[in-house]
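In what follows, chain A forms one complex with chain B and a second complex with chain C.
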Partner chain A sequence: MDVAAALAGYGDRIRVALCDHLRPREPRRHLYDPAAEYAWRGGRMLRPSLCIAAARCFGASIEEAIHAAAGIELLHNAFLVHDDVEDESDERRGRPTLHAMHGIGLAVNAGDGLLLLGLEALLANRARLGPSLTLALLEDACRMARETVEGQALDLGWRRDNALSLQDDDYLRMVLKKTCWYTTIFPLRTGVLIGTRDPSRLDRMLSFGFFLGAAFQIRDDLLNLEGDPRRYGKEIAGDLWEGKRTLMLVHFLQRTTAAERARLRAFLDAPRAERSPDDVAWLRERMDTYGSLEHARAVAHALAGAAQHEFEREFRTVPDGPDKALLAAMPAWVLSRE
Partner chain B sequence: MSSSERITRPHPRRSEPIRTFRGTSSEPPAAAAAERPRASVGEAVAHAVDLGYRVLDEYLQQGQRAARGLGLGPDRAEAAVDDLQALATRMARYTSDFLGVWAQFVDVALSTGRLGGAKRNDAPPGPASAPAPTPARAAVAVRVRSPQAAEVAADLAADLAERPLTVQALRGADPTVPPITGVRFEPATAAQAARLHVVVPPEQAPGTYVGVVVDDETGRFAGTVTVTVVGTEG
Partner chain C sequence: MDVAAALAGYGDRIRVALCDHLRPREPRRHLYDPAAEYAWRGGRMLRPSLCIAAARCFGASIEEAIHAAAGIELLHNAFLVHDDVEDESDERRGRPTLHAMHGIGLAVNAGDGLLLLGLEALLANRARLGPSLTLALLEDACRMARETVEGQALDLGWRRDNALSLQDDDYLRMVLKKTCWYTTIFPLRTGVLIGTRDPSRLDRMLSFGFFLGAAFQIRDDLLNLEGDPRRYGKEIAGDLWEGKRTLMLVHFLQRTTAAERARLRAFLDAPRAERSPDDVAWLRERMDTYGSLEHARAVAHALAGAAQHEFEREFRTVPDGPDKALLAAMPAWVLSRE
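Then we have the complex of A and B:
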């Protein structure tokens, strides 16, 4: 299964739909052009593709799912804009972040606009899907948004309070909410909802989505430390500069000596602008010494294996086809992506 | 050759066998952390999957409580209960079912060096496209002493049945419930098949308990034992 090719195929269809939702309109310069910025920078369209593939697995047509898929991508872009502000990130998809280009005020407002555009896209197909299914989609979008902001609050709160006593399960709880819900669980649930029209059994996608999303996030965090700068699209080692509680940092935190812990505490206590390259290099070197990256790789493989297991369980009655094959290939793909 | 030129085996830094699987060792002081043997891949995998299912279980229970608090209809509450029961059963089965999948997964990953991170630009490992054949399982005679009805399942590769094996404590989904520790493995001989002895305490709470089997000599993962305590019959 060529996952990249399959995602590219879905991506082409989704971009056409996005053109409709992100069409130029006034005020262009201060709202709609910045709001469209990330969408046109590329990206694999992973989330909307999961939605379409799940919908088609359960018998829906691509036309029935395409607007919801576009809505998922718009909501994703909204979170990215706000996330970049909150994390003080410099780069997104190989270019300056939206707030770096337009200032925090316009960027946050564009993020708000993207949220509304995403919800409008979820409503766009109500004539075809009917009111009750459309309402169910919106209800699930609200749940996803709530889970995501709760997870983001955990992540930001740990950094603000300089939490040092974190364990692997704390990290997984945070990732379940912050990443998995909007990256995998919600897209899969949306697709299944459109395909089956049955909102009562959506939690069956929770396990597959959680394990797949967690493996995806850990791989993403690893790429942040060791990815190819030309292909990664974000600042290499940006997570260290931001003091982000990744699985690697949590692993190191559990193993520090007293002297290391004191230095790490001081480093994480300092504002990002006051963190030095020497300290970042030291932190990375300590992670290597303690095998923190190796640990994270093993955990990502384990979770991807669990995702494979859950997929085979939940999709065993689904007829074989290219959409099922794409979903089946996702656990291996998240580990191999660059 | 003078005595100073003799080639000697380096003095081992450990003072006892390294059995690094889950639950076999206590944490050393933090100061020595960098020097201790790192967790094996198998240990990290078992730990991660176990943790993942526990986090999911906890999350579903929170959702169930929230659903009750909101007075959601019986359909959705029932769905949540079903999910919990299904998850508990899956937690029990995952090591036997999933580790088979995982073994295929890791075999492919190891063959490309990806687990060690040495070759990160290879084509993706493909459990879906390159599944390994399921290995033969060992025949194991099971002896159970339990005042409650209990089901026992052992999943062990056939080529390991004659090896000295240790069964780790069998743990349930609820971390506050004591594990089942009275589980012992007797290797196969020319005269008899491998035997598994299981003692379930009378006060053991009903539920499903899973433990990992470890090869005593290599410290590596060898299989799983699952005991489901059904409860006192009648």
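Then we have the complex of A and C:
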């Protein structure tokens, strides 16, 4: 199964749909052009492709799933814009973040605009899917977005309070909310809903989506530390500079000596601008010494295995085909992607 | 007609409904408590009261309108939080703004949470109003929110570009989008929709809502310059410090001498922190000299008169009663409120 080729194929279809939602219109310069910025920087279109593949597994056509897929990508872009503001990130997909280009005010407003464009794309399902199914999609989108906001609040709160007593399960709970709901769970649920037209099937995607999404996030955090700077779109080691509570940091936190803990506390307490390259290098070296990256790789591997198991259970009755093969290949793919 | 008493009566009902939507839940400290902050600072509940009054005028009960009313107030709070970030405002309802208390990241995220709580309140109409009417409400809410975001982009863009060639109709177009849609047009449309169950009636509220909302906004901007600091919840003359394009500033802009224009341009070009009290006092004095406040009062008066005219036309067939009397009293009330 060539995952990259399958994603590229659906990605092209989704980009065509996005062209309509993100078409230039007034006010262009201070709203709709900035709102379209991240979408046209590329991206794998993973989330909307999961939606289309799941919909097709359960008997729907691409056309029936395309509005939902576009909505998912637009909501993803909305979250990226606000997350970049909230996390004070400098780079996104190899270029400056939206607030770095246009200021915080305009970026927050453009993120709001993207959220509304995403909801409007979901509302556009009404003509083909009918009012009841469209409302079920909207209700699930609100649930998903609120999980995301709650996950972001956990993450921001840990940084704000300089939380140092975190365990792996705190991290996984945060990732379930902040990453999995919008990256895997909601796209899969939406696809299943469009395919089966049966809202009672939704919760069967929770476990597959959680395991897959958590493995995805841990791999993403590992790439942030050891990825190829030319292929990775964000600042390498940016997570260390930001004090992001990754599984690697949580692992190190649980093992620090008193002296290491004091140094780490001071580092995390300082504003980002006052953190030094020496401290970042020290933190990275300590993680290597304690095997924090190896631990994270092992957890990601276990999660991907659990995802594979859940996939086989939930898609047992789905006939074989390219979409089932794509979803079946996802757990291995999230571990190997660059 | 005692407008204050009528608003207080509906306000109590709406606060009860908000207690459920804004109930304490986890994560409390970094999300739901900050999200509830503005709502419990008081406020007249003008927007949801307009919705309930319009719904009752067209035959609905309070119970049928209460979810929509709560949703309107929650969306209003969401806009306030993000607007305060975008406008770099310091005070809201007599206390520090949310981002001044908790930082920009947490405030942006809490604003997102409020937007979702507002949408969920609108979705809660499904049980009583059915899927079609609920979807019509959602579609109109997205339209309204996108008008608001576009209006905010115009306003931010003018400040960003230091726009000095604005006319009264530029101002009114911005206010139509940024203020009227969510303050008057959408609450009225929602009430009419719930009362009549007829989406074709919606556009009949556009003119009444626009005239009433624009008069409201101009009065609000006048109060910012000459209100009683103990009764007005925001920093007095905060709009001058922020370089906000009010009708008074637009009026002065059209009349400046070359020297005044140069001084004004430099003042507006400077970051807020570098603007001096002397410049603010000078700007206020120039507005007085040119009669900018008088001009704004005259425009607000004319808009309120037009609103009265539109009200009489659109509510002609509505039987007399306290809700019709409340809406009839709104144009005069927006001009006289402190």
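Things to note:
Heads up, the rule we're going with is that the second predicted complex is superposed on the first by the 338 of 338 C-alpha atoms of A that agree within 3 Å, B and C clash if a C-alpha of one lies under 4 Å from a C-alpha of the other, contacts with A are read in each partner's own complex, and residues count from 1 in each chain.
Rule of thumb we're sticking to: contacts are C-beta pairs under 8 Å (C-beta built on N, C-alpha and C of every residue); 3 or more make two chains touch, one makes a residue touch a chain.
No experiment lies behind these values; they were computed from the predicted model shown.
Contacts of A:G105 after superposition on the shared chain: chain C is touched, whereas chain B is not.
Look at A:S276: by the touch rule set out above, it reaches neither chain B nor chain C.
Of the two partner chains placed by the overlay, only chain C lies in contact with A:V149; chain B stays clear of it. Applying the stated contact rule after C-alpha superposition, one finds that A:G291 touches chain B and leaves chain C untouched. Applying the stated contact rule after C-alpha superposition, one finds that A:S336 touches chain B and leaves chain C untouched. In the overlay built on the shared chain, the residue A:S207 is in contact with chain B alone; chain C does not reach it. In the superposed model, A:V3 makes contact with chain B only, not with chain C.
Of the two partner chains, neither chain B nor chain C is touched by A:S61.
Those residues of chain B lying in contact with chain A across their complex are 30-31, 33-34, 38-39, 41, 44-49, 51-56, 58-60, 63, 75-76, 79-80, 83, 87, 90, 94, 97-98, 101-102, 105-106, 109, 114-117, 120-129. Taken together, the chain A residues at the contact with chain B in this complex read 1, 3, 168-169, 172-173, 176, 200-201, 203-204, 206-207, 210-211, 214, 226, 255-258, 289-291, 293-295, 297-299, 301-306, 308-309, 312-313, 325, 328-329, 331-333, 335-336, 338. Interface residues of chain C facing chain A in the complex, by the touch rule stated above, are 26-27, 29-31, 82, 85-88, 103-106, 108-113, 115-117, 119-120, 123, 126, 131-132, 134-135, 138-139, 142, 145-146, 149-150, 152-154, 156-157, 160.
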